[in-house]
Amino acid sequence: MSHELISHLKEGHAVHQFFLVRQAESRTTKSGQPFLSLVLGDKSGSITARVWSDVVAKCPGPFAPGDEVGVQGQVESFKGELQLNVQYIISVETLRALDKDLSEYDPELLCQATPYDRQELWQELWQLAESQIRPPLRQLVLKVLDRYRDDFLVCPAARLYHHPYLGGLLEHTWFVARHALASLSIYADLNRDLVLAGAILHDLGKIKELANPPAPERTVPGHLLGHIVLGRDMVRSEARGLEFSDPILLLQLEHIILSHHGAVEFGSPILPKTREALLVYFLDDLDAKLKMMSQHLESDSGEGDFTSYNRVLQRNLYKGAPPAANDREPDQEA
Amino acid sequence: MSHELISHLKEGHAVHQFFLVRQAESRTTKSGQPFLSLVLGDKSGSITARVWSDVVAKCPGPFAPGDEVGVQGQVESFKGELQLNVQYIISVETLRALDKDLSEYDPELLCQATPYDRQELWQELWQLAESQIRPPLRQLVLKVLDRYRDDFLVCPAARLYHHPYLGGLLEHTWFVARHALASLSIYADLNRDLVLAGAILHDLGKIKELANPPAPERTVPGHLLGHIVLGRDMVRSEARGLEFSDPILLLQLEHIILSHHGAVEFGSPILPKTREALLVYFLDDLDAKLKMMSQHLESDSGEGDFTSYNRVLQRNLYKGAPPAANDREPDQEA
Amino acid sequence: MSHELISHLKEGHAVHQFFLVRQAESRTTKSGQPFLSLVLGDKSGSITARVWSDVVAKCPGPFAPGDEVGVQGQVESFKGELQLNVQYIISVETLRALDKDLSEYDPELLCQATPYDRQELWQELWQLAESQIRPPLRQLVLKVLDRYRDDFLVCPAARLYHHPYLGGLLEHTWFVARHALASLSIYADLNRDLVLAGAILHDLGKIKELANPPAPERTVPGHLLGHIVLGRDMVRSEARGLEFSDPILLLQLEHIILSHHGAVEFGSPILPKTREALLVYFLDDLDAKLKMMSQHLESDSGEGDFTSYNRVLQRNLYKGAPPAANDREPDQEA
Amino acid sequence: MSHELISHLKEGHAVHQFFLVRQAESRTTKSGQPFLSLVLGDKSGSITARVWSDVVAKCPGPFAPGDEVGVQGQVESFKGELQLNVQYIISVETLRALDKDLSEYDPELLCQATPYDRQELWQELWQLAESQIRPPLRQLVLKVLDRYRDDFLVCPAARLYHHPYLGGLLEHTWFVARHALASLSIYADLNRDLVLAGAILHDLGKIKELANPPAPERTVPGHLLGHIVLGRDMVRSEARGLEFSDPILLLQLEHIILSHHGAVEFGSPILPKTREALLVYFLDDLDAKLKMMSQHLESDSGEGDFTSYNRVLQRNLYKGAPPAANDREPDQEA
Amino acid sequence: MSHELISHLKEGHAVHQFFLVRQAESRTTKSGQPFLSLVLGDKSGSITARVWSDVVAKCPGPFAPGDEVGVQGQVESFKGELQLNVQYIISVETLRALDKDLSEYDPELLCQATPYDRQELWQELWQLAESQIRPPLRQLVLKVLDRYRDDFLVCPAARLYHHPYLGGLLEHTWFVARHALASLSIYADLNRDLVLAGAILHDLGKIKELANPPAPERTVPGHLLGHIVLGRDMVRSEARGLEFSDPILLLQLEHIILSHHGAVEFGSPILPKTREALLVYFLDDLDAKLKMMSQHLESDSGEGDFTSYNRVLQRNLYKGAPPAANDREPDQEA
Amino acid sequence: MSHELISHLKEGHAVHQFFLVRQAESRTTKSGQPFLSLVLGDKSGSITARVWSDVVAKCPGPFAPGDEVGVQGQVESFKGELQLNVQYIISVETLRALDKDLSEYDPELLCQATPYDRQELWQELWQLAESQIRPPLRQLVLKVLDRYRDDFLVCPAARLYHHPYLGGLLEHTWFVARHALASLSIYADLNRDLVLAGAILHDLGKIKELANPPAPERTVPGHLLGHIVLGRDMVRSEARGLEFSDPILLLQLEHIILSHHGAVEFGSPILPKTREALLVYFLDDLDAKLKMMSQHLESDSGEGDFTSYNRVLQRNLYKGAPPAANDREPDQEA
């Protein structure tokens, strides 16, 4: 039985498939019976689910946010909202331990992810580093990418604000790196290797700051040291392993990572003191803000020319721009 | 007698050429004799000049900052600094009124200017607008460029902070516009016409905010309305003349100009509410800051790896980056 | 059947009259039946209303915030709150299209408005402009007032914070203008015409920033340009029509409007650079803040000497001031 | 020999009159001889003075800023500046101790003062309090005014920024109080007595914060407690003496004084929580800023339409406003 | 029947004891019957209570937050939460007026309090003042402590943020005073008497700012003058009573109190201008922040290494620190 | 010939001793002759020196700030200032290379240093670490102290603001560590080892941030990474060498170092998230500010009760506190 997206579920549907647990809470009915209130998700959205006490009794728990679960149940309507009445629930981990058939299980279906093909992004990022950066930074960047390949493919770019989904870090890095390459065609006297290495590695520390990519949460080192310092440590450690030949060049790359929030009030312990560091800071910030705008525009389902107020951006956004239609050839229209 | 650059003058030289008056002050010697203390400049630097009372008496003044003057004199040394002892001084304006020979007079020599060929920048900017923007914004942008061509060729981008010299606005606009074109290859779903038109026109108001390009000062409308509002008025007025067909598109272009300082605390009456406006804001700010860094690095003559403290950027800059040598082919070195 | 104010409705009343739709939402009952949940308002307050599916079926919708509607129904009590069970609902617009009798319809009853007589305020404001301002600003101000008379009579002074009701802009302008006149008796060396014209026109742009006065929302130009720039455009356009004779005087008036928020962080692209502009900024800000205090004091129904915390003013207000009793003659009491 | 104003002195004049010592420094000539370098002032300006060692030897010193001195000397020119070569100098205090003739001595001539007649301002302020405030605040205000009459007549309103001269506090208070009366005609529902008492007493603490009115400096209590707390103490102490009958009313008056800087970042320990306090805060701030603008405009002797940059106001001011000519009758010109 | 702590109540329990009313609201059932919804508290927590209309009718009300009440009722479960069904309720005040037996009534049980023995803290604080401060400040401090002994024993240190419970002010003062004594062993050249007196008296004004210690709320003087000014007044008034012999010393103590928030943006009208004042400011702020951290850590019942986000501290706190085990002797372990 | 302190030099003295070059500039006399203008210093102050062209010719230069030099010359008076007319000058480095007698050379005399005996401070700091910290942090701290012993003995605590002299870092660390020990007696539930290790190591990075202790300047890593990150790296690297057994404990120590500026706007990439980190931040900040106050008070030679305005502290300081006389026994005076 194939996965039916949550956004397609309707009252009366029977469900027999996998979900990601987003929230889990133990409650008690008015009559004093305990039950589980869950929020289940997949890549298309989320739905409230109830596991009444008789079902709880026969299902091996507990269930926590981030768990992937197999569920049997019925879609009902409650106060005008769809709700899933669970008849059986079991974690994928338990199924795996029991050696059950998981052929239908596809983790990619269960949580939000970048809309791009991650393998392709990865190839292009690698290609960019390999063809555009000169030694010795080329070796360093490729070594880092190689070591953290698996993490890059799943890590989000942030917990909440921008690209908060599987592969978000890769998508964000890919945009910043390609933009850096484009910017270098305009500001050609900047150190090309430093700019590109900085663009690719600036957010590397997210990999150690954030655990559990499908439902990202901060790690202890992420809380106590922060991704800026963590990422710079990862680069430095790799450079030590490579016996990196140019300590001043390495120092400048570390500076780009440490200063890439641009201002101390945004958590950089140091201000950008080179033009290369300034450029990486701007391109990172720009990509994050453009993405936040896109996300907010997409999430807005209301009427009117403007979105609801976005608290992070502290503004409403204009929705009414005419379609860009950039595919038309400008020259033909004059 | 051809112009000798101030940076080449030495003690004992006789001088007979044109300068720009940068500062002018009337003073009195200890013995009570009035004299003129001037600072004279050309594109290479500046020199203090003294006009003693007997010379003042026979030269038709007064002389004010911004005046171009012909000067005869002798280079002397005073307290270790070169100084020009003026034997005759007369303004170019007076020479012109007297129908004197001005064949040696070349205003381009007398003040700082963009290092780029301004005619070429202008051609490229025009070409970019003509080939990359589609109607109806194409007509609007070309109409504006056409009307303000002469101003663009001389106007600085700012009075003090970045590109504060002849053609500075043109150089800044050219960088921002080309960078916008490069950015659109990455963020292809933005409205290309709006981004390019915004990039080209965002600082248009500088033309009415700043008078006297060789020694720029704010005009009354520049002080009382500001270049952001002035520039948007100029675009709007041109659009009215063209009977611009798409009022919503025009409104978005006005929005880009009004919001291009990015935040109210930097003087934009409105925050960028479209991704197009956000991009133009970032590219403008980035070009200004990169230029300020370049200017500060170039002006630094001290020893050490870091420049002196820059009060506007609030930091010292790193001077020791290894030469970029970007001309080498990266592929050949692996 | 005459209008019964919402504040006077009681359980069991039958209702047959007009309301303003303040909120409208489509919902579904537990049994899966769609219904409409509305909030209906008049000048005295608001009440929740339910339109069950059978009624929805026979009434021509849809209904949106801002709509004026005729309603038949019954007042009931639900969880201790009064609620209107709607038996029939139809928009005034549809009634008008059907040429129905609207003799009972009085839009003034349906939404909040200034407690002052708006016609009187208007007369006094006009009178003040006509008698106190000298040419050429007198003609300009009167021309603007004349053109926007109808708007002034309905436009609120703000969407939420102060005077957010019909005629709010007029009330606010009337207070600021009269206060300006009083201040000029103390600061007699200020330019009287500029101060009075600025006081009357400073918030003119609200008329184009806010649409739909009974339930004000920002227009597209309001969002993208802001009321400060819009208002200054309106004055400038009127001056152009009049072939206003004194461009420097006009520039100063535009400056007062552009700078009337007093600081860039409050959205003025320019700081007040004349004493006239400074005075208008203070009087505007003072009237808005005094009104916000009055509104908060009036809305407070709690016990104790202080109001609840006001988030905009960031403080609690003191309620316990002894009655002013200013009507008593001070001299008689010594 | 009558006083010749410093602004009227010319090279060669012989001087025999009184001055105020503004600065005093002991120095040594190149040849090792000690001398006194003074800055002497009167109400029209200031002049540098030299007291060479032979004169120092025969004159009873020392001389400190704030001292009033009798001087005999000669006006000379040094490096284009006038300078006073002192032949004899003696303090007024010493003259008085020696019982010398001081008939020419007029302290009013020696330092800057309000341009208004201070006795008249005082009478009007008293009159306003007596006629407009009702008991019991009337008695309190008059008691305070009576006790501090002599201080009001000399105290400046601030050390540096606004009204920094003899009678400055009186002038400032007079403007704020009269403006408050005018504002009450617009905001008639405010507590008239509190507003007027607050307006008159808000800056009372300046009297204890600033010592030595001709050359004001902060006292120890001024530094350690501040004028806001000091002023409120003075009012409270007077009220205790009067056995003031209404403690809540007194508390509100104290609140106006403590909160009259309007925001904690400007040194008020508490925000205005009544409309009366808000009004007094605005009127105080407005008068101070208008005065700072006037002072800066008057002090500007440069050319151009704008003044030099004012660091406190953080802006240039516009000088080009057309003369107000408010004396013309507006009605006659239509 | 002895008091059962709220944290120990279970479904089905019968209750017959005293509580503190924390919240009180009048509501109506769906069927239109009025009832009281209360939140009742004791030192261990709080519980919702319902008083249905028949019970309301026979119980003498009204009941307001802060009231202490005797209650008879039954613990029930509603939507998974415990709730108290009240069968009778009467205020302690009424019981007392009726001369009823209050032997079971123990106010200490009814609200949160410092975990320390308050009598002991008081003794130690007195002892510290008596033994460590020299005259004349010793007498002043002891006089103040003596007068406000009863208040110190109950007053909280703040309404919400830190030590918001009975005796909180005493606990906070005791920590700051002992820490000051410890700091003086390091910074021995500071004025010991001033530091200790300042540490003990810095928050004295809380006693007049906050009324009703079990459910603290701001008084009118607390709102209009603030605890900083109130506390300094209390000290000053006591000093006047003692005819305090050293006015400069007193001024410095007043300065410590007025400046102890350290910065004007935190409500001090004056900055610390002595090292003694700076030290007291730091020790006060440190104790408050350490306590807020402890409170937040204790209140956190979630899993994971970090607490939930604390809005006042603007951070998550780390919970995973290994137990300090400071009791072990460090020397024995090397 | 023994060293005569600069503060003791008088006109006419012959000088033959060592100095530290603080500033060095090449200039030209009016007659075109080059000369050297130096500022020479020792621990007591500084003096201007002139090296005329004939002397320059015979002395082996060049001379740069930070150089130690032997000087023969004559003290003269110029414009009332003492000045040293140099007859011979040679660097200590050259003297050493030439194997000259340097028995009189004592670098301690040549620059400012902590007034404490640095060897003693060092012993006490070591003793504190050894006796008070338990394993495994004890070993780590002692290892770090051991490795950087020589640096601690000379490094200043800051370039300009506090303890800007030889041994300043040691003095500052000693105060913070002892204060931490004292604070732990009050806040006994904090992790003692972490607090003490953090207090001792918090500013360790200064050693790599600042080069050339007698005339400190920032290093390249100091500029590009900052002392916060550098110091944490040094600790981490030492822990790696020791195979430190408790990674979570190490992480918390790193957290204390990274967060010890307390707020991101002061350059900490992370906020203190443990009470231990909060305490170290407070004690560091307090010691720095108390020292800045002491330095400013000591440097103030003016009259009056208050110092001149201190720009970093943004206030004047009170000088008039009565002598503490803490040596007297408090008990004897009651």
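A few notes on this one:
Order of writing sets the chain letters: A, B, C, D, E and F. Residues in each chain are counted from 1.
We take it that contacts are C-beta pairs under 8 Å (C-beta built on N, C-alpha and C of every residue); 3 or more make two chains touch, one makes a residue touch a chain.
Keep in mind that what you see is a predicted model, and the values were worked out from it rather than measured.
Contact with subunit D and subunit E alike is made by C, F.
Using the contact threshold fixed earlier, the set of chains in contact with both subunit E and subunit F is A, D. The interface formed by C-E recurs in A-E: of the pairs listed in D-E, A-E or E-F, only this one shares over half of its residue-numbered contact pairs with it.
Note on chain placement: the centre of subunit B and the centre of subunit E lie 63 Å apart, centres being C-alpha means.
Separation between the centroids of subunit A and subunit B, computed from CA atoms only, is 44 Å.
In subunit C, the positions touching at least two other chains are 220, 223-224, 248, 252, 255, 273, 306, 316, 318, 320.
If the chains shown are joined wherever they touch, the resulting network has some other arrangement, not a path, ring, star or complete graph. The list of touching chain pairs reads A-B, A-C, A-E, A-F, B-C, B-D, B-F, C-D, C-E, D-E, D-F, E-F. Listing the residues of subunit F that touch subunit E in their complex gives 131-135, 138, 175, 178-179, 182-192, 194, 246, 248-249, 252, 255, 271-276, 278-279, 282, 285-286, 289-290, 293-294, 306, 314-318, 320-322, 324, 326, 328, 330-331, 333-334.
On subunit E, the positions that touch subunit A within their shared complex are 11, 77-80, 304-306, 316, 318, 320. Chain contact summary for the complex, subunit E toward subunit D: residues 220-221, 223-226, 228-229, 232, 248, 251-252, 254-255, 258, 264-270, 273.
Contact residues on subunit A toward subunit E in their complex (touch as defined above): 27-30, 32, 217-218, 220, 223-224.
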